[in-house]
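Shown next, in structure tokens, is the structure this report addresses.
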Amino acid sequence: MSKHDTHADHHHEELPFWRKYIFSVDHKVIGVQYTITALVFLMFGFALMMIMRWQLAYPGQPIPFIGKYLGDTIALDGILSGDGYNAFGAMHGTIMVFLAIVPLGVGGFGNYVLPLQIGAPDMAFPRLNMASYWIYLPGGIIMLASFFMPGGAANSGWTSYAPLSVIATTGQTMWLLGMVFLITSSLLGSVNFIVTAVQLRAKGLSFFRLPFFVWAQLVTSFLLLLAFPPLEAAAVLQLMDRVAGTSFFMPTGLVVSGVEQAHLSGGGSPLLWQHLFWFLAHPEVYVLILPALGIISEIIATNTRKPLWGYKSLVYSAIFLGFMSFIVWAHHMFMTGMGTTLSTFFQATTMIISVPSVIILTCLIISLYGASIRFTVPMLFALSFLPMFAIGGLTGLPLGLTASDIHLHDTYYVIGHFHYVVAPGTIFAVFAGIYHWFPKVTGRMMNSTLGRLHWFFSFIFINGVFMPMLFQGMAGILRRQYDQSEQLHGASAQGLSVMVSWSAWLLFVAQIPFIINFFWSIWKGQKVGANPWEATTLEWAAPSPPPHGNFDTVPVVYCGPYEYSVPGKKTDFCPQHVVA
Amino acid sequence: MSHHEMTAEEVSHHVRTYLKVFGALLVLTVITVGVFYLHLPIVGAVVVALIVASIKGSLVACYFMHLISERGLIYWILALCALFFVVLLLLPVITDHEAVGTVTH
Amino acid sequence: MSAAVAIPHDMEPHPVTGMYNGKFGLWLFLASEVMLFGALFSSYVLLRMGAPEGTWPKHGAEILNVPLATFNTVVLITSSVTMVMAWAALKMNNIARGQLFLTVTFLLAGAFLVVKYFEYSEKFNHFEVWLKEPMVVDGNSVSSIRGHLAKDCPPLTKETHIRAFAIPEFILLDPDAPAGSKEHPPTLRIDGGNIRRISDFGPAHSTFLATYFTLTGLHGLHIIGGMVVILYFMLTGSRFAQKRPDKYADRIECTGLYWHFVDLVWIFLFPVLYLL
Amino acid sequence: MQAPMHYGRWLPPLLSEHGSQIDHLIDVLHVFMGVLFVGWGIFFLYCLTKYRQRPGHTARYEPVKGTVSKYAEIGVGAFEAFLLVGLSMPVWSAYKNDPPAPAERFEVRVVAEQFQWNFHYPGKDGKFGPTRADLISASNPVGLVETDPAASDDIVSVNEFHLPVGRDIYVRLTTKDVIHSFAIPTMRVKQDAIPGMEIPIWFKVKEDAKSEAIRERMTQVFPMRKANWYRLRHHIATQDYKDKDGQVLLARGQDLGATYEAGQELLEKLEKAGVTELSMQPRNPLEVICAQLCGNSHFKMKAQMVTHDDAGFAAWVEEKSKVIEFDDF
């Protein structure tokens, strides 16, 4: 390991700006690049939804202020069109999942924190790491550019079910190309993460001394590594259908708009797409939640001043969760005409997979018992994550049982379910993580008053957005509806839509303190030292911000990750790199 | 065995193995094609073809890719991969036998 | 990369995996490749099992060229051997010999692609016409006819919005010789009014050919990718090997792993597509 | 008059036989979820208050010992197993495995397309005429081979789903183009229509669920302040509303108008005329909707569902099978 020390000489060597901040190979710079880019996409995804929410609250009314700038295909006379609505919806889903949340959780936090937490000088393959980012970005740009294609962006839902997506306008081709880029980027990233986490651990840092965050990232990477390729295959097949005239997903005898599609060879299977898509997309939802759980665990451990309860259960549950997530995918397809044997298998696995989630959540809640809880801003977000994830997770159960799914499938209940896990769930975890690691990245604290304001109003309004959706869904209101009042039962609950929309716009207002805080603190925040939270994991052993190569001296690990309040010690925390 | 400590002699021993494997692969290729011209019934043809291909594949993986002399974690990872690969291959079985509807061609 | 930090296990194997970073990473990458091709194989099986009666050839050889593919199989296997020989030579510090084997590998890969090119282009010159009302060819009433366009047949046009050939006014076709004979039936004139669909033997022809082109095309892309890497090492290898022989051998080992995998995929593609 | 019935914010009215088991499962599940959430929540809030950081209080290093969590987890698992085996699987297997006997059931072919529902009835002879894709046109939406004798009395009804109550309805579901989903919230029925496949599904409408009766039961009085065009766009007045001069502003059987603007204007007029509440009922109380995104007018893809008693249904069939009629809307 001696080679390792030599990097110290390199510190002072100045790199040109573009090598240091643009085409950097430093995992920390890349992590920040990912974070900023993904936050911008997050904002954009939210903006699309705020426009859609206007149409949902006041169907057929011109969109105020911006309606006239959206162009005729999207909004004629300022009124969002059906195609425009579908394109916005599909792009909201795609952007949020593939361009915002995953890049935040994995590309941003994983990249920045993981090498630090394992005491590594960088990722195993720094240049590959740079390549991941520079493949992700064009993927995102291709997605956005598709808005300017004739016919607009992809409008067949983020799920892109064939044959609808095959006969859709050019935007869909861009969507597929964009996906190929994003998948490639994720695959390279996951290889890098696994090698890093396995091979670059500091001396003494055995697997069961890894912070839970690292475990979460490791499992996530395996999910990406093994689940994404089938979607890549599916994307290739759909591209062939769209560009080369094949019929992988087009059955024989299709009649579109009254015209028989006799030029098709036929013989394809529309359900094949769904199987390949969900083979990825179910593991993908755990890709969204696992890094979030990792972040939350770190923050809870730090702010309860005691070890996480059931560390090993957490680890085994995460591994089991990852494993099971490969065999539940068809619970998204119960209504496609599935027979009893198969549906029994998939509802059983779905019920089984909920158990490790219950264990994880239980461990985190029991960790609060006997603690000394510091209500810092990151902790506020982390604490509210728990009941929010619980609501999201619990509402997954009625969807996982076929009988109740008959009524709830494709209703707003599904929308409510997964937004509870991804929005007040993952987004809150992301906020928590930003407040928590901001001092590490910049050497400055974020303002706590603004942070509390941000937390309080976000918490209120995000529930205002998603709670009514569960009721709408119960009432049978379908998702992906341009105008819910077109149907009788939708019209009867139209009032809820208005409430949701106003909550969503106010939720946006609640983000203003955060944005101000974020930029203000970069330059004006209170300066802090290496370990402002008095935490134990290795990232806090490096200076804030850490230099290229991360550590001044190569850390050696002597104990587990969360040695807080050890009896008989002067301080209430024992960092991992300090001899016990 | 880590290749770093490998001596020239060991390597030349390896080379002899490679040539033997090469010969085996060629023979198996001939068998594959030969069996095809026998026009076996479909089930038999599939079984023979896949068995021969699997043998060839294993030879390549074990000897050219040195899998036989690897150890540790990588086996577990590949086993996991193989497992999910099998799950993927079950997909056709799943959709074929389970669709409640009838296909209308 | 002067400012690069030194990464642990860049060269020496890690006790947990027994591998240096690059090799471990490459294996992981190959695991994901297995899932990629696995999904495609399983799509193939699914589509074939669900194929409507008579739309899937009895076996690929009905349409594809087995001798060419057999030849290509041998070429690819040989290239795998030369690849591993290149690595062995480098291990024995015989750089010149290593580079030579690398070059041979590259040439064999090129040969594979050239053969593939001929296989592909033959398909794009061969047509099938599906009829609305059956016609009598060679004494048999048939509802679809395969053949090559006659010399004086007006050229066909692709209709971009449906990604298929537009139905022409009429077509002059030299039908294929019936099975077991070498004699072509006389040129046929088929009226556009009786044509239901017309296609070359490209991917749009049938789901079988769609699968064939997708799988072999993707495999071909992998070959090209490998060739780019090999070419890079052919050009820069000698200097690299002079400076860091161990590291260079590692690089070639990783390249080899990838290359053998590409070979391995073909070992399965060949019987599955051509013989079954 | 029977008890009132509404669409609202919880489950829609239940009008099919099998639906009660689904509703039962949904109820039990939500109670279970509520218990878990509240139980965990109480513990959570307790910890937050009891163990907040304050002077003199330190965290405990030793992990709490206790088996409560383990039992709770096992309990959750066991209850889930019960839900699965006891409540969900029986419903599903009835929903999928026990089709009513061919002799007893009433069959309808449902052919979905962008963006309408086509209902193909066998007519009086009980035999479906054959169909062919190349015959499909705007006036022949299912591609019926009209020359075939079996087809002569077939009924093809666009966006109107007539059916008898109290009988086993057996729907043979398919689609011409993209994937749609056949959904009837009041029947707790949902099934995707997949091109290239014909998927059967079956259900039975409750005896007392005739459209006419349901409409009456859905009569509701809306205070003016809650009346809003979006909410009432599918409703018709059950009585005349007049202004002071006796001129009818909103006649019995009439709706608020086709657009939001027209509707709000009318509501304003009514309010000026001193109307304080409106008695309205839905024009078509039952709907078949499309639950799978199928294009830009997916939201509009719905059919009116009309349930008759046997005599009423027979009369409808009689009337329709006289001539093949395609109401091309």
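Order of writing sets the labels: A, B, C and D. Residues in every chain begin at 1.
By definition in this document, a contact is a pair of C-beta atoms (placed from the backbone, for glycine too) under 8 Å apart; a residue touches a chain by one contact, two chains touch by 3 or more.
Given the structure is predicted, the values throughout are model-derived calculations rather than measurements.
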{"item": "Middle chain, criterion being Cα centroid separation", "value": "A"}
{"item": "Pair with more cross-chain C-beta pairs in contact, given A-B and B-C", "value": "B-C"}
{"item": "Of all other chains, the one whose Cα centre sits farthest from chain B", "value": "D"}
{"item": "Intercentroid distance (Cα basis), chain D paired with chain C, Å", "value": "50"}
{"item": "Euclidean distance of C-alpha centroids - chain A vs chain B, Å", "value": "37"}
{"item": "Interchain centroid distance [CA atoms averaged], chain B/chain C, Å", "value": "18"}
{"item": "Interface hub residues of chain A, defined as touching at least two other chains", "value": "198, 226, 230, 251-253, 262, 266, 269, 271-272, 279, 337-339"}
{"item": "For chain B, residues contacting two or more additional chains", "value": "73, 81, 84, 88, 91, 95, 99-101, 103-105"}
{"item": "In chain D, residues with contacts to at least two other chains", "value": "96, 194, 196-197, 199"}
{"item": "Residues of chain A touching chain D in the complex", "value": "59-61, 81-83, 85-86, 155-157, 161, 163-164, 167, 250-258, 260, 262, 269-271, 304-307, 309-310, 335-340, 343-344, 347-348, 351, 354-355, 358-359, 361-362, 365-366, 368-375, 383, 386-387, 390-391, 394-395, 397-398, 401-404, 406-411, 471-472, 474-476, 478, 480-489, 491-496, 564-567, 572"}
{"item": "Chain C - residues contacting chain B, complex", "value": "12-13, 15-19, 24, 27-28, 31, 34-35, 38-39, 41-42, 45-46, 49-50, 52-53, 59, 61, 66, 70, 73-74, 77-78, 80-81, 83-85, 88, 91-93, 246, 249, 253, 256-257, 260-261, 263-264, 267-268, 270-272, 275-276"}
{"item": "Sites on chain A touched by chain B in the complex", "value": "198, 222, 226, 230, 251-253, 266, 269, 271-272, 275, 279, 323, 326-327, 330, 337-339, 341-342"}
{"item": "Residue ranges of chain D touching chain A (in the complex, touch as defined)", "value": "6-12, 21-23, 25-26, 29-30, 32-33, 36-37, 40-41, 43-44, 47-48, 51-53, 57-61, 63-64, 69, 72-73, 76-77, 80-81, 83-84, 87-89, 91-93, 95-97, 113-114, 133-134, 136-138, 143, 176-179, 181, 183, 185, 188-192, 194-197, 199, 228, 230-234, 259-260, 282, 284-285, 287, 289, 291-300, 302"}
{"item": "Of chain B, residues touching chain A in the complex", "value": "73, 80-81, 84, 87-88, 91, 94-95, 97-101, 104-105"}
